[in-house]
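The chains carry the letters A, B and C, assigned in the order they are written, with residues numbered from 1 in each.
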Amino acid sequence: MVAAAPPIPSSFRGLRSLFGFLIVLLVLAGAWEGYKLLEGSGLPLPIRADDRSMPHLWDIVRSIFEPARRGSEESLGWVLAKASLVTFREAVAGFGAGSLVGLGLGLLFVRSPLAERGLMPWVIASQTIPLLAIAPMVVLWAGKYRLPLWIPIAALAAFLSFFPVTVNTIRGLRSPSPTSAELFRSIAASPSQEFRKLRIPAAFPYLFTALKIAAGASVVGTIVGELPSGLPDGLGRQLLTFSYYYSSGPEKLYAAVLFAVLLGLTFVAVVALIERLVIPPARRVAS
Amino acid sequence: MSRALRRYLAPALVFVAVLALWEFFVRAAGIQGFLLPPPSEVVRTVSEEWPVVWPAGLFTLREALGGLLGGTFAGIAVAFAVSRWSTIRVGIQPLAVAAGSAPIIALAPITNQWFGITNPLSKMAVVAVMVFFPIMLNMVRGLTDVGGAKLELMSSLAAPDFTTLWKVRLPNSLPYLLSALRVAVALSLIGAVVTEYFGGSRDALGVYISQQAGLTRMAEAWAGIVVATLLGAGLQLLVMGAERALIPWHPSRRLTLA
Amino acid sequence: MTSPMVSLRGVGKVFSGRKGTRTVALQGIDLEIHSGEFVSLLGPSGCGKSTLLRIVGDLLEPTTGAVSVNGKSPARARHDRDYGMVFQQATLLEWRRVLGNVALPLEVTGMSEPERTERAREMLKLVELLEFADHYPWQLSGGMQQRVAIARALTLEPSLLLMDEPFGALDEMTRERMQMELMRIWQETQTTVLFVTHSIPEAVFLSTQVVVMSPRPGRVAAVVDIDLPQPRVFETREKTKYFDKLVEVREVLRTEEE
């Protein structure tokens, strides 16, 4: 029987999504604590279930409100929040620069097929090199040129951001059907009018899809960039620190990871929110 | 000149030209080797360091492949469940979106604690999580996005659900799976190298690269990157070969069929 | 008068859309189709002809009324594979070659290998496409793909053939050629056919009866007997009687519009 299910109104669907998400989180939380119940049962477990390896979820949450270091006034949550802000600023800088470059390249390539033929292979080649892998070197360049540390880290984030933006800008600008282009020609619209009134609006949904990807990627790039740099203030440093001092407080590492994950999610969510405001629902491209 | 040759000739020439310019510029401007070594030096270093850097690459490759296999199997298995029961699908969808936005790499310190920093398993676990979501999402689409009234056709033949799964949904999902694998393969290698930056075995490529960079031995670090790039390219070629073998019928491959 | 092969009594179909809207697709359909007939369902878009076809084929359930096919319920008839269906798009599986596509129903019924190939080849010979058995669907033109679909629909020797605007996507010249092909095949297999179309010449040329339907709500306006001589050939289209019948059907449609 192949009858279609009745369509669900979108506001209800959003609520349903949220509900489903919470259920999944609850299930995962339950699985976590359930797994921990197996501790001491004598079963061979792939990951040890004791409190040192897998702190209770509640302990992790609790540690956020407790001092980060013995004798310090600042709570862990505050320390991590400050670190997140540092990382966030670097990520935004990289994201912004990378997106602008990507946008520029995309516009250039569509306007000038010559530029595309010459430079596109390079753009693609730049992605075959595992860019993230050059993080250690990027940091050294900063040292040699006496740049403030955040610049090469943001540059790393920019490198990760520009490619999806370039590709999607091109796809978006080229997305209108040949028939639509013919329409513009038939009313003797100038090329720049066609560009402004047809192609640029068509490109917006694609652009935002890429911006969401770039947002996530720039957070990754920033955190990884902070690792070899020894940048004292960012989340990368916090992750390393709490790894080293794991035995004195395993929950703190988990809390740091939680903040890192939330940072990425928040950044993408902010871009998604902007997308919501700029583009009417009917025109969004499913990512 | 054959068409394929002509297509690759121009970019190849540009590539050679850029390498030559790079070489010349670096030598002429006297930029210190440890910042941006000229190509000739990188090549020399690669061959010198080969006995160290290649086994390191293979070690990391094993981590990447282990994670790739684990994540792919899990992704396919969950995809079957998700496509079968729509209630699971509603829950998984936002989780998948969230996972795509989150820096999975941040899990590395945790897996290091669980399995041990030098244990390849700690890296495989992170790679598996990275790879899981794109594979699962694409597989779900492949199993459910069956176009052109094919499902009605199977219904008209009174085919049982399993037959429809086996004869229609699975073949339909192959192109989706392979396209996700292309992405997954790239992610797995880079993921393995970068997770090693959080700490790893001395035999690993990522550790080699970060150590060499820490000693400002740039040529050696670049040699490591070159090996990583070669391995990544090799994996991509493998997936493309798989596409040619498994889905010769797909629109993306039709021009090559006689 | 022999008992009808397909009988519809008081059949109605209501679709409920979002926000509680109700669309009455069909209302009060009374129809009888006897063995060996070629019956067209003709009408403008929205008159419910495809819906009616799908109800007969058990791909949709009627909201009211009784349907029997071969003296059984449509569901039973579908499970017994009493009918073959040809869709608007050929709906061939693009990952199988032509022979594999034709053999699909035989696989579903569990026929063993050598017999499947033999039978599938027989059907391809019937539609005169045997030399394309090893081709992929995308290597065939639209008309040829539909012929493969027809071959597939006939493999299980169904007593009833359901066709939903199978030639709608083809150009006029190909359409006419396909119509004559269909007439030849129909003569050979003696299957009963229920054919959906919105083309008056097509309906008149092919059918023994034309069921004219009108929309909003979908119902049977009239059943026009087409007593043109069999077999229908190229010259049939030039006979005066053919034009008379065209006019007759056209008049029925016009009265319905007023």
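The criterion applied here is as follows: a residue touches a chain if its C-beta (ideal position, glycine included) is under 8 Å from a C-beta of that chain, and two chains touch if they have at least 3 such contacts.
Since this is a predicted model, take the numbers as computed values, not measurements.
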| item | value |
| --- | --- |
| Identifier of the chain whose CA centre is least distant from the whole-structure CA centre | B |
| Comparison of B-C and A-B by number of C-beta pairs in contact, larger one | A-B |
| Inter-centroid spacing, chain C versus chain A (mean Cα positions, whole Å) | 53 |
| Separation of mean Cα positions, chain C and chain B [Å, integer] | 49 |
| Chain centre separation (chain A, chain B; CA means) in Å | 18 |
| Contacts with 2+ other chains: residues of chain B | 152, 155 |
| Touching two or more other chains - residue numbers and ranges from chain A | 1-2 |
| Two or more partner chains touched - positions in chain C | 59 |
| List of chain C residues in touch with chain B within their complex | 57, 59, 78-81, 83-85, 87-89, 91, 93-96, 104-105, 107-108, 136, 138, 162 |
| Of all residues in chain A, those that touch chain B in their complex | 1-2, 16-18, 20-21, 23-25, 47-48, 53, 117-118, 121-122, 125, 128-130, 132-137, 139-141, 144, 212, 215-216, 219-220, 223-224, 227-228, 235, 239-240, 242-243, 246, 250, 253-254, 257, 260-261, 263-265, 267-269 |
| Touching residues (chain side chain B, partner chain A) in the complex | 10-11, 14-15, 18, 32, 34-35, 87, 90-95, 98, 100-107, 109-110, 112-115, 151-152, 155, 189-190, 193-194, 197-199, 206, 209-210, 213-214, 216, 218, 221-222, 224-225, 228-229, 232-233, 236 |
| Touching residues on chain B, where the partner in the complex is chain C | 148-150, 152-159, 163, 167-168, 171-172, 174, 247, 249-251, 254, 257 |
